[in-house]
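Quick one: structure below, then a few questions.
Chain nomenclature is as follows: A, B, C, D and E, assigned in order of appearance, with residue numbering initiated at 1 for each chain independently.
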């Protein structure tokens, strides 16, 4: 299952075990691991799916031409299965640990026995709670003529478009080696980040309108929630930044020179996504300021209303109090029009006050 | 069409296609692509415009002397046209993708088959809504004796001054190669950034006066809007920072040593623009503080007014209440001048209060 | 004893002494230093505990095969004991100073006579006061075929799991040299940081719920207290960042190439912890903003309540004041239903006010 | 004329001209360019002033010994004059552009034909409006045995002290080459920055006293104004930071090794100035916080005053209201001392309130 | 005399003088410069004090063994004395300028004629005004077999412990060269920084308690004052960060390899101090937030009190107003228990209000 930002407590499971002990730290899953072996070159394409490990044995009846084997493993929660695959391909125990550790941050690592290890995250927003971002852990092991991919679960396989393209026609991927396949798979993952980016952009747009129009119920906790998801996304994408430098090396026997411009292109997209996330973060910070100032402005408005009411009614309430006094000798009380004159005076006081506040621009 | 900051959703169009598939992601456009071929050297100048691709074939009847060909393509929304040009000049499919991708950030890239690719943004403020900044995507491909420029649309071609200079007289550009032409075109684009900078400076000046004078209606959302456009502009200019380092390389066969000081000069201007944008950003942040403190000061003013009113009228209203009581035995009520003495006492209370507030510097 | 963030005053003890003078600067301890000597290789395991220094002499009756000696010293407060160990293994006086200096920040240092010195911190939250983070000072000296570890006190020895694994079976550690043992020990310490991280995560989760739900008693001083502990933890973990670069060097005679991937794995975990701490720090900063805005919103609410009360009662209190005046000639007073009409008028004023405030969205 | 921070609109003048076209972008000036030629070595000193360019021709009747020529040009607004000097000394057109461009930021540049170009800013506060900082553009061209200086205008020539020293006696400058003269001139400019720094320090001192004492009229807009000038100054001094690295190069034929320590000394001073400006900036930010908290404290004071008044007068005004009621049967009204007892009760309520507020520390 | 942060105006004294002109810029001092010459090696120790320069001549009657000469100069305000010492040891004029310039920031510099120059600051809090930090300027010149130290004044010589150790016994310093002496002196100065750090820690502890307990009188200006001193201290310690890199160079003839670990140890301490200062700074920033939120909370409290009073007394004052009206026909007035029923109604209104506010959690 995919992972949310607050799951470090799962880590405890394998905390004090011997290094290289395989332990799955993600959410518990019931499904069996599914293994799909795809073999192809420019002239043929062959595919086999099973949850039995034997299907991933290299095909005996292979063609004369060299071909690419892609082992697509879906499910990383069964230490036994992962361990067996590791034994078959002689993968380093720490590499297998990283394959199963859903808290592992993205990285590229080269192992002594000629394996290139790439691990990164697939990001998507929860369909039911559309402001919650989820991450899936995906790893790739590139060997001389094969590629192994490990991903968390079956639902919504982001790699499907690449499989479809492989099947559909003899394109660039079919004519190239496993390095180009690695590129194609990483590219499709990074391309999906743009959907996440777009979702953030839409949320920000809505909030911007809310905040600027001054409609404020809940705004700040929404701002905080976007901020938290942005921080989460950035933390998982940021390490990809150095990835290309490690994939594009002059004399790497695994990644051929022809694939370098493609890898640089992925890097370009990663940089664009990071910069957009940073720009969003900066705008969020400004929106917080706008929001706080809106609150202050509104309080100002409330205070003015109160002050205007008080300043109008206090003087005239005082006046009516004066003529409610019981002194024996209050000459005004006995004049014929005292009452009406008092009304006049009070009207004038009121108008004076209103004029004063208009002059002060409070009205 | 030019692009605004929030258009990542267009990206979805080519999200899961095969790499190198040409897709236009900007606003949809109806106009046909226009192709202008200019050929020149110190002794002749020739120009041809058409929307037909055949006009961009190298001229057969060329002079004996070497000459420079500039292919100025206006319109990057037709994959067919761009693809054909790419085939003719053997441009890398990823380069063509970047030419059409209006979301591509500025960069310089060298391709194996001897092409130097430069892509950057033309910035201008919307003429109708003068606080909205728009970006146009412009790309250049520098070859051995030709330069290809791709730009979004016709209206307001910023490259016109260079064409005019080429036509008008035999100047430095006419006597130099396509590397100098590239410089001249980039220079004219960067020079236009100063107009954007100036516009920001003017907006900031106005806001500064507004904020400091305390005139506050809408100030903060205007501050926010300038901030957003500044962030936008900075994000599109910042990558140019490293451009010169890639253009000025000791043994580059495409950019001759004579052009290096000119490229450095462009870099100088880019740095100046970035620093000005940063200074503006810092001042904006300070203006937000001034604005918030102005709101607070104003609320303080309102509170003081309310407090002064209350503090004056509450005591005297109490006094008139006292003599409005109906006790049988209130001696003061029956004195001859009780009423007038009461007025005197109330006057003194009022003066006392006023004095107290003057002493507290509230008046 | 472990150390809290504010104990620089202990430093004064050895301030002006001759360099290399051994002085313990931590909390005073009564317990005697305990020394445990463990010797092992793939075929045997031998362990001896004593507070007598003689037990740490190399065993005479050693097997023919090479073996690893681990000297596990618990207690760093007795200059005599530390000094004697230093003499026996020819440790540099400054290294011993750092072993005893509980304020020493984590670092790796190579000494001329072939010692690799690693010092770092064990972190744990106080069991009684669960928001207080404590640090214990742990140092390692790696020699050609031995490892010396120095730690502060006995309670809760974090290295126990490694001892247990050594004893239990012949695993990777038993088959490897002291460099792998060093890795295993550092790994177990770094793994424990995840528990600290988890604790921070839980505290933050609780606070987040508190702050967003607007329940505010004490929130900010709790935010401050987490912030202080985060700053403390980060300051002690951050230096580990460069550790691996110093441990993984091409031609280091002490750390063999086979151990390099393991050291890099530790680095990976350190980086993940630092990034999580930074993400927490950033979220804390945002929570402060949410908290401040919640306070402001609440004050706004209070002000509105006051204003509504005042605006309703001031006018009607004025009206009843008017008909409490004692003018001889107030015609309304003598009408049959004046009193009831007045009630009606006051009811309408009240309803008007309530309508006004509902229109203003204050109700 | 000197330049203020907001003058990018002048830039428009030469925006779309051919590169290298000389255009003056500063404030318009009426004065003619003045040219002063100084020739000296250890044994003689000769000086000639004119606005005629012919005076800057190298002297024919020179002594046998090598000598230094310093061409001190005052006035950079006449493209003709600058162009002619450029032709005479074969200066690069872009160098001349930078000489005339008063918006050019400080830099050091080496040109192919053996010229070292240094441009920087002279800063001073306006004498009439002592919080406005002005910048003058000064450039130096160092050749094999000559130095050319270009500065904006005559008033208050900062280079005078150096001329006086040259005239007065045979000191180090007279015995050295043009590289030492360049140092002496840059040194005198950087020394003048200390006066600017001192002025900032004084302004900050005054504001600090104002803000801390809580005297607040206009404080924040003054804080903003200092902030703006600090940002301005820092932007113009910061680039000097890298200057020395470019001036002190092992095999530079123009700047001899003997002058290197002097150049490093200037760098030292530049660093000290930048750090002071940064410290000032940080203190300014803290002062803003102090100021905002002072405003809040003051509002708190106002609110307390209002609350105390209300809490005292509301209850007793209510009491007098009670005995102003006209019920037939109010027994208290007819007791002998009811009126006086009521006064007593009201006094006690008042004292109770005062006690309550003293207990709450509001008084 | 020691220096405070705001003394750049003294700089003016030597602003426009010829470079290398010796000018003292600190506070004026009356005392004569005191010169102490110490000569030692493992077998002898000799000391001579005078204010006469002749005492610093190398001793003629020296032993056969090589020995170290330490010239400890106290007083840097007499250009004559400093100049004479400079001539005797052939010190570069700019080095002497830096010795006398109390505004010079810490640095290490190597001069061509084999001198290593180190200048740094001695920091201590004012004994009378314990929150004011003072800095003393100390410089060292390391030669082949001698060390010269220059410090500002006599009171409280921080170097005394080293002199005492030299005199007391034949320790490491007596057996080593002037490079180890330099280390010992710098070490003692850096060790003293821990006292400053401790003082900051104590101030911060107190303030933290004050701020969190909500006792607020003056808190923010105290926060500001600590902030200012922290900024001051950091500015003077920060440059030491790069010091060790310049002191520990592979082939330096002046600092032997044996002293390198000691120099690195000093660096370690410097880094620890800088990090603590930074942690303090960060905590200060958080305390400001806590303080501001405390003020807001308090104002909230005041507002609630006011609102509760108003909401209780306004309705009941209205009621008593109603029965103070003089309408001829107010039936309630003539009922037997009207007065007492009114009291009951008012009591119920009061209780209702109290219940409402308790429900709103305001009470």
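Going forward, a residue touches a chain if its C-beta (ideal position, glycine included) is under 8 Å from a C-beta of that chain, and two chains touch if they have at least 3 such contacts.
Computed from a prediction, not measured in an experiment: that's the story for all the values here.
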Joint neighbours of chain E and chain D, given as chain labels: none
What is the size of the turn, to the nearest 5°, that moves the C-alpha atoms of chain B onto the matching ones in chain D? 70
What whole-Å value do you get for the distance between chain B and chain C if each is reduced to the mean of its CA atoms? 43
Determine the centre-to-centre distance between chain A and chain B, using the mean Cα coordinates as centres, and give it in whole Å. 26
Among all residues of chain D, those touching at least two other chains are 292, 296, 299, 303, 306, 310, 314, 317, 321, 324-326, 330
Once you've mapped the touching chain pairs, tell me: line, ring, star, complete or other? ring
Could you list the chains in ring order, beginning with chain D and heading to chain E next? D, E, C, A, B
Touch list for chain A against partner chain B, complex: 161, 165, 171-173, 183-184, 187-188, 191-192, 194-195, 197-198, 201-202, 205, 212, 257, 261-262, 264-265, 268, 271-272, 275-276, 279, 282-283, 286-287, 289-290, 292-294, 296-297, 299-300, 303-304, 306-307, 310-311, 314-315, 317-318, 321-322, 324-330, 362
Help me check something: in the complex, which residues belonging to chain B touch chain A? 5-6, 8-9, 11-12, 15-16, 18-20, 92, 94, 97-98, 103-105, 107, 109, 111-112, 216, 220-221, 224, 227-228, 231-232, 235, 288, 291-292, 295-296, 298-299, 302-303, 305-306, 309-310, 313-314, 316-317, 320-321, 323-326, 330, 332-334, 336-339, 342
